[in-house]
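Supplied in structure tokens, the structure appears directly below.
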Amino acid sequence: MSDKTPLNIGMIGYGFMGRAHSNAYCKVGNFFDTKYQPVLKAACARSQESVQAFADNWGYETIETDWRALLERDDIDAVDICVPNNLHREIALAAADAGKMILCEKPLAMDTAEGEEMCQAVEAAGVANMVWYNYRRVPAVSLAKQLIDEGRLGKIFHYRSVFLQDWTISEDLPQGGEALWRLDVDAAGSGVTGDLLAHCIDTAIWLNGGISTVSAMTETFIKERTHQLTGEVQKVGIDDACAFLARFENGSLATFESTRYARGHKALYTLEINGEHASISWDLHDLHRLSYFDHRDDSLVRGWRSIHVTDGDMPYMDKWWVPGLQIGYEHTFVHQVADFLESLETGEPASPTFRDALETQKICDAVLDSAQSGQWTEI
Amino acid sequence: MSDKTPLNIGMIGYGFMGRAHSNAYCKVGNFFDTKYQPVLKAACARSQESVQAFADNWGYETIETDWRALLERDDIDAVDICVPNNLHREIALAAADAGKMILCEKPLAMDTAEGEEMCQAVEAAGVANMVWYNYRRVPAVSLAKQLIDEGRLGKIFHYRSVFLQDWTISEDLPQGGEALWRLDVDAAGSGVTGDLLAHCIDTAIWLNGGISTVSAMTETFIKERTHQLTGEVQKVGIDDACAFLARFENGSLATFESTRYARGHKALYTLEINGEHASISWDLHDLHRLSYFDHRDDSLVRGWRSIHVTDGDMPYMDKWWVPGLQIGYEHTFVHQVADFLESLETGEPASPTFRDALETQKICDAVLDSAQSGQWTEI
Amino acid sequence: MSDKTPLNIGMIGYGFMGRAHSNAYCKVGNFFDTKYQPVLKAACARSQESVQAFADNWGYETIETDWRALLERDDIDAVDICVPNNLHREIALAAADAGKMILCEKPLAMDTAEGEEMCQAVEAAGVANMVWYNYRRVPAVSLAKQLIDEGRLGKIFHYRSVFLQDWTISEDLPQGGEALWRLDVDAAGSGVTGDLLAHCIDTAIWLNGGISTVSAMTETFIKERTHQLTGEVQKVGIDDACAFLARFENGSLATFESTRYARGHKALYTLEINGEHASISWDLHDLHRLSYFDHRDDSLVRGWRSIHVTDGDMPYMDKWWVPGLQIGYEHTFVHQVADFLESLETGEPASPTFRDALETQKICDAVLDSAQSGQWTEI
Amino acid sequence: MSDKTPLNIGMIGYGFMGRAHSNAYCKVGNFFDTKYQPVLKAACARSQESVQAFADNWGYETIETDWRALLERDDIDAVDICVPNNLHREIALAAADAGKMILCEKPLAMDTAEGEEMCQAVEAAGVANMVWYNYRRVPAVSLAKQLIDEGRLGKIFHYRSVFLQDWTISEDLPQGGEALWRLDVDAAGSGVTGDLLAHCIDTAIWLNGGISTVSAMTETFIKERTHQLTGEVQKVGIDDACAFLARFENGSLATFESTRYARGHKALYTLEINGEHASISWDLHDLHRLSYFDHRDDSLVRGWRSIHVTDGDMPYMDKWWVPGLQIGYEHTFVHQVADFLESLETGEPASPTFRDALETQKICDAVLDSAQSGQWTEI
């Protein structure tokens, strides 16, 4: 690996996403032949003890307890923002100002206004930027994109997507704090809309183009929860569930739904797209498979095909094992890092950029507005 | 069979549903031990040649070419209305007036006003009445009803249902006439809303109670089609696709969608219901299976259960074969006839009555209104 | 139906198969346009009370309590043998002697010697004959046959088939008598080999040609059971489970297995066949689907196709409903009757004839011999 | 990671398994809290260029081109044997003699005699030893083991397992050489028996105890192939397909089958085990799921459960992500390394040891003997 160009990473945060990204930085060089090699230069978080343990576990060379100090370091090339949503904007603006590349967790921001400010900052600074909508890099989803772009589906009539979970059904679950900030509206901005539907929307607009108008409803089933930090019972400000109708710019219709109250589903992110000639569906619970139906098949043997996306001619899969042997969730991040590193070589930005992710932010905002107003809302 | 009480059937219409119902009248006595035995007394349709062929095939004793003549006959106990939707009201009113029992194809009527008139007529006449929402009698769906009524799911959070087909995608398909009247708004009243979503709604309110408000969108992808009867290219008045959000009276949220433009799906009617403790899902393409997830299971072996609904302790299944051997679509009608015959014995009406079906009609109307107005619409 | 030629049926037996066949005779004319129309002329069984109830239920015109009397009647054209295996030979020989057509339940006989005698009898008498290996007439299985015959699979390498049940695991289950004669070796001849593997073998040789040699093992897990008729605890003589390796004449290899001790499987009859270019698999628990894999597909979208065998261009399916609406187990018998009736018109025997079924008998005998001797056994 | 005890690895070979193991050594410390930390000290292979590239890619500190030189180094604690089967014995004997721990790829040896010699060597030397039967460490398979050991299945009646592939169907595929040594009998010892069935057997005896007797058949469909090294058309000495019947010591019956000629299956390793109370099945193509059927469930909701093995209370899964997010093939090796490292702490050998793996070797030998002799063969 000695002849590779190091790319020094400064990681801010050490939670679930901090782990997933760190793993990706570690692995990418073993499997992808890129010019740049991520180097785990520094990990940063407020708790010295926690961040030191994290750094030891992953091999970060140094730690910081103040992200501003991290940004001042000359030995940091790229900053990875893995903190709650309400901190994205401030760090990103400062990082852009410091000339650092930025890899930011999704959703981009608390709202469109923040997101627009962030886009302008990175664009003005001219720094490479990317948002971690990792599901674009599931090989089966990348394959879907390829099939759609090749025109195999023909004119698109329908899109539908859900992201169903069941982990917040208990009334005893508190909100807020380290592990549960996603339930605290002040930290997260919204509930399932920004956390889960944002994934559905990002993939949808990548596969099927822009959304023009939405009609939404949201619900908060459990109205009050104890806050972990304050210890007090407080109003729950997030949406526990959200569903919306949409029309795409290409004339197709869509339904989207997300909830954390769908018993039996841990992380059931599904999508389906129906075209004139063919249809595709996919399911995160079996992420290594893609379902495909082609009406042009001989009618006697026409049916949904279950494609085991593990062959070398399928997206990213020549890097891994042999046909039939599946990869998992964490590989989506490895692929995204690989594409980011490649973008540094080619100068062609790796998607989704901040600007790409802003589009999802706008739709999330429109969805929440529509749920509030009870009106169809234009994007 | 000699000691059974005959129930003389007068069938109006001879299409797809005419066949399905005739088969049910023929078979019910072989499998169900009922006091009443349907007798195929008369078949009625305008074309003498067609109705004679139909009568010969199924063993109807006589034919009529005018439904008014049929209603005047003393040897007819019950009338089965299997004609296009725009004829339901007139025939039903006259049949009630003639004191006949009425079994009417779904949807009940062209709209709520017609339906209300029909309800009042049968109730005033005091005649037994039923609407052919046959999917309540899929054993797996009946089992779902039983599990829900037993409280196994707990508080309900979500309901979702789709009915997807793909048979009208070609622009070359004409509208109207004998086989394609469902595409002609004058005969059908609406497109997928009355034809397919009505099924989804009927099952939904049976399983989960009343719907209070909806937000819908509809689309007609192909704007003009040749009319089979006139030979002219005419505007298409039906909805090719319809999706809506809904809130149930019990506080649960729902999404519904139907289309005839979902490539790969012939008749994919699915439903899923998520409760606090358990969830259920079902799919018409494998109608003999029910999926069930129970969170109270030991966590190590917790998962969706695929129940092969063929055992003798499951609804209706003691009448058929042995465990493992599935029944099919047509059996739903046999079950409905059996329940109707039993209702004549017990005096307890077989569901859905006209009044029950009127509820679905109201929701369909609200859905179409909402799609037109772009507003949330109360039922 | 008046212009059809009646075919007067004399049914011997009134159990599970008696019901399945009676239903088929009743329905075939409603769905298939055949010259001959089965007429339920007489039902025959030793118990007058039981056979009268059966006749009443299905509409048999008369009853007999002695099958010899039935055979003497001039108004019987065809005899349907639905009694335990140990009675097949005697009745068939007498029926052939009486010039009756014979439809005999499977397996054909208690052993090859009996079967050979029966073949010679029907061939000498020149009477139409057929054995009820009904699974050939599952539309998905018929479609498999068509695809294989068209050469789509190329050279065949492998065949595998199982028939798994779980209904005899309890030690408390008795053997013998009316409902449980299949567990009594004197009535059944063998256990799963003749009851279940015979189905697997019949389909296999139909699809893939002759079997040349086998190596088998059998097991009787529960050694003694109470006999229902004698009330005594008696040795169990049947095989509870049987598995065998086989080589087909075309050079392909096979494994077969059957048991009544596979917890979780009610009637899981599966088959799979792997060819040079394509493979097929099928499963009785979802009998309306066929799985098909074609290696010649574009590699990016290559996968197992789940074919919902409900379209009008698929075997038998133009007679039933519309695409997407499945039929069930009982329809296989309707199809077999339809094919038998058609064979009377064309003079081309409907398969499997007694002679065809004798081939399965020979293989069953070889399997049981091999299990006994511990040696590979030639057919 | 500084306070961990290093375990210096000497890797011999750099093929598919060399990559899989190297990845496991790299990752284990990030996810498992073990006292020992593998250090990639040296990679060894005959081709200096190839091994240098491999070492660079994975971060091995040094290279060797002679495995005897590697064994002489004091800075190597454990040797990982990832070379063709015909080299296992010689290297293992020398490594044991040099006092190195040994992690050896499967199958252990070319035959039982070699394997016995290797067992005696490591036992005499007292060195830690393990064979890479990685599928024991699929979390779903580990969970199956746990459920069986807890007695949930009750008495076992049946076991069945297949390993089906389709990559050698083309006649144009050569044999021998670097990538295709598995097709060369001199390097591999056998075909699918040692390569694929060995996996099935190892898991089977782990889950269900010893096998006492087998009856097998093998086939070589393509009789001659060009040898990559000699360039000459040579007789194919391996078995392309192998199936066998077996009896376990606990009285259960089994079928096993493997082939590389099952079109449509890339690496379909499946297993099923049927007990008195419950059954389990698993499939490598969806390795993150376990199917479980429990007859003791309430009969109305009894069915096969599809368990998504991603929760924290399931084997190994607390180390990875969150419920619903699957891991893949490569993680089995990480788990095996973790268990090996833990065994160094506890002194309790990690399974399967050489001695454990010898049992599989004996069964493979018996299978091949039986296929040759046509006789049932005792283990």
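Chains: A, B, C and D, in written order; residue numbering restarts at 1 for each.
Basically, contacts are C-beta pairs under 8 Å (C-beta built on N, C-alpha and C of every residue); 3 or more make two chains touch, one makes a residue touch a chain.
Only a predicted model underlies this, so the values are computations on that prediction, with no experimental measurement involved.
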Between the pairs A-D and B-D, the one where more C-beta pairs touch: A-D
Most remote chain, CA-based centroid, reference being chain A: C
Centre distance in Å when chain A and chain B are each reduced to the mean of their C-alpha atoms: 42
Distance from the mean Cα position of chain D to that of chain A, given in whole angstrom: 36
Distance from the mean Cα position of chain D to that of chain B, given in whole angstrom: 55
Junction residues of chain C, two or more chains touched: 265, 289, 304, 308, 311
Touching residues (chain side chain B, partner chain A) in the complex: 153, 157-158, 160, 162, 164, 166, 169, 215-217, 219, 221, 241, 243-245, 247, 251, 253, 255, 257, 259, 261-265, 274-279, 293, 295, 304, 374-376
Complex contact set, residues of chain D against chain B: 143, 146-147, 152, 289-290, 292, 294, 297, 299-308, 311, 313-314
Residues of chain A touching chain D in the complex: 1-2, 16, 20, 22-23, 26-27, 29-30, 56-59, 165, 167, 265-268, 284-289, 308, 310-311, 320-331
